[in-house]
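As structure tokens, here come the structures.
Here chain A shows up in two complexes: once beside chain B, once beside chain C.
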Partner chain A sequence: MATRRLAFVIRSLPYKTEASRLALTHAIASQTVEIYLEDGDLVEPVVCFIGDGVMNCLKNQQAMKNYGLTSIEQHMKNSLLLDLKVLICKEDLDKFGIKEDALIMDAEDIGGETKAQIVPYSEIQKEMEAVDHLQFF
Partner chain B sequence: MKLGVFMSDFKTGSDVLNRLSAEKLGIILVGNGIYHATVKDTGKASSILDKSANFYVLAEDLESRGFNSSNVDSRVKVVTYGDVVDLMFNDYEKVIWI
Partner chain C sequence: MGKLTIGCFSSLVGSLSLDFAVKLSEAAVKKGHSVDFWVSSNATMLSKKGQRAFKDYSALAKTLQELFATGKFQATACEACAEARGYGKEDTMEGWKRHSMDWYLASTFSADRVLLIGGD
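And then the complex of A and B:
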């Protein structure tokens, strides 16, 4: 029995490129890969937002209205609905003056119970060291 | 000349913008350029807003990223797609994208 840990670290701004969307959809998809694994084997993803990437976590994104696209907000909520660990860098939020109440911290409106966590960069660094596979987006 | 400049990046393009001069300069913040109008990095507004120019930001790109007009620096006017078309046809002879 083995658990493979994956970190998806998002440092890109949303929408101009698909980077942050890809990170989230890959993280979500990593949950379904378990059907291809041996019994007892697990995949455990963690999603981390650092640098400019913290902008992906802002509430009230109206991408569907304006671009006809599923918002990054919805992908974040889907991640939380699936109990993915979501970490947001505290120092970068402070740098941009972004408060917790401006952020997507939960997916309660779609039945999610897991909450995103605002953590110091040192915790994200620990996650990056602990995982088996590290991917930057 | 009357020059309109579309800016769609947050961390690149400022160097080019700083060198541009025009009798009338309009800077239209679109896409990820909207962060210049909304975000204070380490408490400071974007340095491009110190340039002598008319600043505009596209409402649709603000909204899509979770912002609204209350988040926008007072030096920047919030405009719609329709307003941008009017600016291009009525206010600026040349339009570039950086």
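And then the complex of A and C:
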């Protein structure tokens, strides 16, 4: 029995490319990975938003209305519903003047209990050093 | 010898990231390593059969066939990404698998190194 931890570090803006959506959908896919692994083995993702990537965490996204697409907001909420660890860089939020009340911090409306965490970059750095594999999107 | 899991999301034509990822796979296999190769998003184009090689555009089908023949290289395309782009199972090049994203995550479990190349 073992657990491999994977970091999905998102630096890309939402909707400009597919990158941030792919990062979230790949992280969410960890929920069904067991079908390929031995009993008890797990892949545990942590999702980190840094730089321009913090824009993905803004509330009230209108992707369905404007593009007919599921929003990054919905993927964020699904991540929290599935208890994925979601970290958002505090310094980058400050740089853009984004306050916590503008962010998707939980998925309570769909029954989620886990909350996103706003943390200093040093915490994200620690997480990146602690995981088995690191991926930048 | 080790195992590499390489993910790539960039398109076959329009970016050289796939070329680099396939070249890296080739170098790793030649050194005796095994490679799991995952394509998602626009990179699923790489798995489409019937590609015609022109000198002005990336053409990797022949290299891929040689890699498959080594037995140390397996490549999988994201099924949903391919279907969304109109590539059905019948359009897929011989040797390729098609799965959902959990295949990639499962491959990382036993990988010595995971490289995401062209995450854009």
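Everything that follows uses one rule, which is that the second predicted complex is superposed on the first by the 137 of 137 C-alpha atoms of A that agree within 3 Å, B and C clash if a C-alpha of one lies under 4 Å from a C-alpha of the other, contacts with A are read in each partner's own complex, and residues count from 1 in each chain.
The definition used in the following text is that a residue touches a chain if its C-beta (ideal position, glycine included) is under 8 Å from a C-beta of that chain, and two chains touch if they have at least 3 such contacts.
It should be emphasised that the depicted structure is a prediction, and the values quoted were computed from it without experimental measurement.
Superposition of the two structures on chain A leaves chain B and chain C fitting side by side, clash-free. Applying the stated contact rule after C-alpha superposition, one finds that A:136 touches chain C and leaves chain B untouched. Contacts of A:33 after superposition on the shared chain: chain C is touched, whereas chain B is not.
Using C-alpha centres, the superposed arrangement gives chain A a vertex angle toward chain B and chain C of 90 degrees, stated as a multiple of 10. When the shared chain is aligned, chain B comes close enough to touch A:97, but chain C does not.
With both structures placed on the common chain, the touch criterion links A:125 to neither chain B nor chain C. After overlaying the two complexes on the shared chain, residue contacts for A:117 are found with neither chain B nor chain C. When the two complexes are overlaid on their common chain A, residue A:58 makes contact with chain B while staying clear of chain C.
By the touch criterion stated above, A:41 is placed in contact with chain C alone, chain B being left untouched. Chain A is touched at more residues by one of its partners, and among chain B and chain C that partner is C. Chain B and chain C never share a C-alpha pair closer than 14 Å once the two structures are laid over each other. Overlap of the chain B and chain C interfaces on chain A comprises no residues. Chain A meets chain B in the complex at residues 13-16, 52, 55, 58-63, 65-67, 71, 73, 95-97, 102.
Touching chain C in their complex are the following residues of chain A: 2, 4, 6, 12, 17-19, 22-23, 25-26, 28-33, 35-37, 41, 43, 45, 132-137. Against chain A, the residues of chain C that register as touching in their complex are 7, 9, 40-42, 100-109, 111, 113-114, 116, 119-120.
Per the touch definition, chain B reaches chain A in the complex via residues 8-11, 31-32, 35, 39-43, 60-61, 63-68.
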